[in-house]
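Labels for the chains are A, B, C and D, by order of writing; each one numbers its residues from 1.
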Amino acid sequence: MTETAPFFSDADLAGDFYTRRFQPGPSENTLILNMGPQHPSTHGVLRIVLEVDGEYIVRAEPVLGYLHRMHERMAEEKTYLQYLPNMGRVDYLHALAWNWAFVGAVERLAGIEVPERAEYIRVITTELNRVASHLVWWGAYLLDLGAFTPILYAFEDREWILDLLQTPTGARLTYSYFRPGGVAADIDKEFLKGAKDFAVHMRDRLKMYKDLVTDNIIFRKRLEGIGPISLDMCRRYGATGPVVRGSGLAYDVRRAEPYSVYDRFEFEIPTTGSGDAMGRYRVRMEELEQSLRIIEQAVDSIPEGEIRVKGAPKVKWKAPAGEAYFAVEGGRGKIGVHLVSDGSNRPYRCKLRAPGFSNMSLFGEIARGILLADAVAILGSLDLVIPEMDR
Amino acid sequence: MDLGELDARKGFFKETLAGLWSLVVGLKVTGKYFFRPQITVHYPRRTVDNIPSFRGPIELISREEDPAKPKCGACSMCVSACPSGCFTVTKKRPPAPTPEEIAEQKEKEARGEKVKKKAAPKEPERFLYDYSLCSLCGTCVEACPSGALRFSASPYRAAFDRKELVFDLLADLAERAREDRNPPGTGKTTE
Amino acid sequence: MGSFSIPVELIRIVVGVVAIAAFVALNAIILVYLERKVAGHIQRRPGPFEVGPHGILQTVADALKLVGKQLIKPAGADAFLFWLAPVLGFLPIFLFFLPMPFGPVLTTLEVPLGLLLILAFAGLNVLAICIAGWGSNNKWSLLGAARGVAQSVAYEIPLLLALLAVVFMKGSMNLSKIIDSQGAWPWQWNIVLQPLAFLIYFICAIAETNRAPFDLPEAESELTAGFHTEYSGMGFGLFFLAEYANMVVVCAVATTVFLGGWKGPFFSGSWWFLAKVYLLLMLMFWPRWTYPRVRFDQLLNFNWKWLMPLALANLLVTAFIMKVG
Amino acid sequence: MSDAWIEGLDLECNATCRYEESGLKRSVFLRPEEAPKAAARLAEAGFFIEDISVLDTADGLLATYHFDHFECPGRIALRVVVPHEDPKIPSISAIYPGAAWHERECHDFFGLEFTDHPNLIPLLIPDDMTEHPLLKEETRRKGLAELVQPGTIETCSTWFKGLFPDPDENEDGEGPDGAETP
């Protein structure tokens, strides 16, 4: 805390650009508090300038950009294939969804067909990655709420997934595995068996998660009725993913804008009408189960064949001029890549729509009048990944 | 699928008892795991068993006939393919002409004939790889026309200085050839 | 007792205080190690493992590190208050142990109102938190201090009422007398007569020592580290030591009042006392690694709406039974 | 979702797009001052804002607002072209508060001025940075018509025809029977 002690006069008000912009100075009853960028529950380097009255938040303004890397500019300096590794680093938790959004946009732009087996591989790996992403969220959320143990149990299960995904992708976190027209490497029988075994194992663990956390009275009291988000609010802010589903609307890009082979699988879109943090929590927990269902179906029905279409783009491949928007359902919501090409080998413009960005933008509104502890509970329930928001 | 209410509560006492019971259940879970065996791996004493599937730093693949010579044709495709500019590849210069050859060339020049210079051998003179820049995306492996690059399976290449992370891949290859752990083909090194 | 001349009593106190200091320090080191091991095993990892066999010397190394660290005072902090707070948090520990009967004869100072002494000085801990939060010139610390004061003051009341129920029954605040009135076997302990009081006392004890799930004054995911955010080195070390010493104190009081103190089946003595204290400490570790943290208003609501009425009712029923019976 | 929201709006171009090719359902060009009105109509119709994607072209800055609908999916692109010299668009953050951040982002990257924006301060770039990183050098800019296909045009203005000199051939034939006529 470098800024003022409480009860300084306005003239003494120090602080940086954003603190100064936030308000002219602390009034008699409130104080300005910087939550982050190095706060334990802002998961990285999110910063929120708060005006608090005791522990009640009067006003909140998130300050972004501490992890901004200008991915969109990098896209304009690299060829389509060279840009792929960036996609694994936008959202480190659900890297494959971003992989998919980008290669999907390239495929839509150039009209590239993807072999069926590659589509199945994409579905299986992306869903595994989604489970891993939700597991990290689950553990970290509980850590925010003061329970230390769940994150280690979650990581125990996530380790299964990382070990599985390591075989085809070669990486454990920042995957760059998908390629325009297919995937980089094939999966083997062992992987498929491992994925099925994992689904069985995970179901068992989900029961334990329910016993340990979901049913816990302290946990429920912390979440129920906290941070209600209405459907109208989701519209105004463009909130997607578990946030909108937690508000009672079954909107999932996998169903709304069907891509790949998702229309062949049976899965439900969980929703709750409550719209509170508990609703979002339960939606995510049910999504784990639904992802497992998709994985099992895909593993059972995966066809043999090519994993990459003949004549798939090479490094210096030139895309046809035009634009394409491709959206996928990421762990945090709707991921969109808007690609504009001028016919050269580099994107003319690549706009990344990060779900976390939109989800976070509503925080300023719901944070009014809540307790500091609830702010932590709400931030966690939005499942923020800062590098994704800042891009 | 609407998840509905989280198990509806009936009455004050039932709710209280259910709440208390949930606390006991939580303790039971952690208590049970207290007596379960550990699952973490004690690193220096034990290592995880799936290191071979890890895609580590790039390495050169040797030719079938000579384990110390790379398949690389020094075409520099990897240099232009790499998104981060990890590679520095220089081609071998043509061998210096012998005095007789110089004389012969001069003779030819005097006669007005076209002089044919000796073609450079398709081999790299230097093949540097800056691991500190590499994001292990594999674009170079896919771009290589002669299939001379692959991921190694060594996760332990670390250094105290960024400069130490610039690997001379030709030297690495020669060393592997010396130690005879360089199976030709596309398979990975065994460590 | 009156037959002792003053110098002998004085020697007894000096020796006792030195022994207490050693006991506190040793206990803290063992407890930190134990807690980390417990946490590790619950989380299916080994816990400290590298320093010494099975990491047994880890906490010693940590303590040395803390001692060796630079003490940093944040700019704008009130130097006097800032350094007073950790000392104030730590010093009363000695007073708590003075009247504690570790064994049949192992009591530093036989005080007729031993229980009252402990409860009276327990309030100093609040003051330490308050001063630490205020003196640090950090808004998070201030919030932590505010939480700490509200919490400690609130939970002190049901804690007192729970102990009072036992005092009513036994008619004494002398810890040794309370032990004397209990038998060696578990069914002769006060916990059988006052199970509700024991439960209330134990919950309040967790809250009083700021342990999870009631660790709101430090709540690191909300207030970074609450009142001790700005403390480094031994400043933090003293708070840390005080926390673990306080845990021993509340468990020792629980052992004395509810579990028969040093009395136990077959071989009564100090080992029974220690065994019971450590059993209770384990019980305190367990929830910390299981539950999420409660919210502040819930914490206070729980106290005023549940613990207080229950403790009062318990006390009234006790008094009624005493009168009638 | 019916396209009722279009009615009464003063559009420069109204075109339907093929989803499989571009991911869009409808692409609409507007004058900048029409943007808030169109946004208000979209808000009424229940659309949510996806993002604002700006394109730096030789013909000016093209701001594309992507909207989508929760119940009846189908992406709408509202497009506004502003000159480089005076890049001003009225803010839609009063209608879509979520757009406030997207607008700040566009301000960061392209220097777009959103008039009536409540808090147009840097969001992602440092507060003392004056450059706009995604603006291209003049020589690298391409014409709008090279980059964006307007889709199957239903109606369009002369201004738009000037911008896209050679749009789809069949545009004239299909124009009149569009959903435009009131």
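Convention: contacts are C-beta pairs under 8 Å (C-beta built on N, C-alpha and C of every residue); 3 or more make two chains touch, one makes a residue touch a chain.
These figures come from a predicted structure and were not determined experimentally.
Between the contact lists of chain C and chain D, the overlap consists of A. Considering the contact criterion stated above, the chains in touch with chain B and with chain C alike are A.
Of all chains displayed, A has the C-alpha centre closest to the centre of the whole protein C-alpha set. Look at where the CA atoms of chain A average out and do the same for chain D: the two points lie 26 Å apart. The mean-CA centres of chain B and chain D are about 44 angstrom from one another, to the nearest whole unit. Each of residues 23, 26, 29-30, 33, 39 in chain B touches at least two other chains. The set of chain A residues that touch two or more partner chains comprises 149, 153, 156, 212-213, 216, 218.
Across the assembly, chain D contributes no residue that touches 2 or more other chains. Shown here, the protein chains touch in an arrangement that is not a line, ring, star or fully connected set.
Contacting chain pairs in the structure are A-B, A-C, A-D, B-C. The part of chain D that touches chain A in the complex is made up of residues 19-24, 43, 46-51, 53-56, 64, 66, 68, 70-71, 73, 75, 95-98, 100-101, 109, 119, 121-128, 133-134, 136, 142, 146-149.
Note for the complex: chain B touches chain A at residues 1-4, 6, 18-20, 22-23, 25-26, 28-30, 33, 39, 50, 53-55, 77, 80-83, 135-139, 142-143, 151.
Residues 16-18, 21, 64-65, 68, 70, 72-73, 76, 105, 108, 111, 231, 234-240, 244, 249, 251, 256-257, 321-327, 334, 336, 338, 340-343, 348-349, 351, 353, 357-358, 361-362, 365, 390-391 of chain A are the ones touching chain D in the complex. Taken together, the chain C residues at the contact with chain B in this complex read 38, 40-46, 49, 286-287, 289-291.
Touching chain C in their complex are the following residues of chain B: 23, 26-27, 29-31, 33-40, 42.
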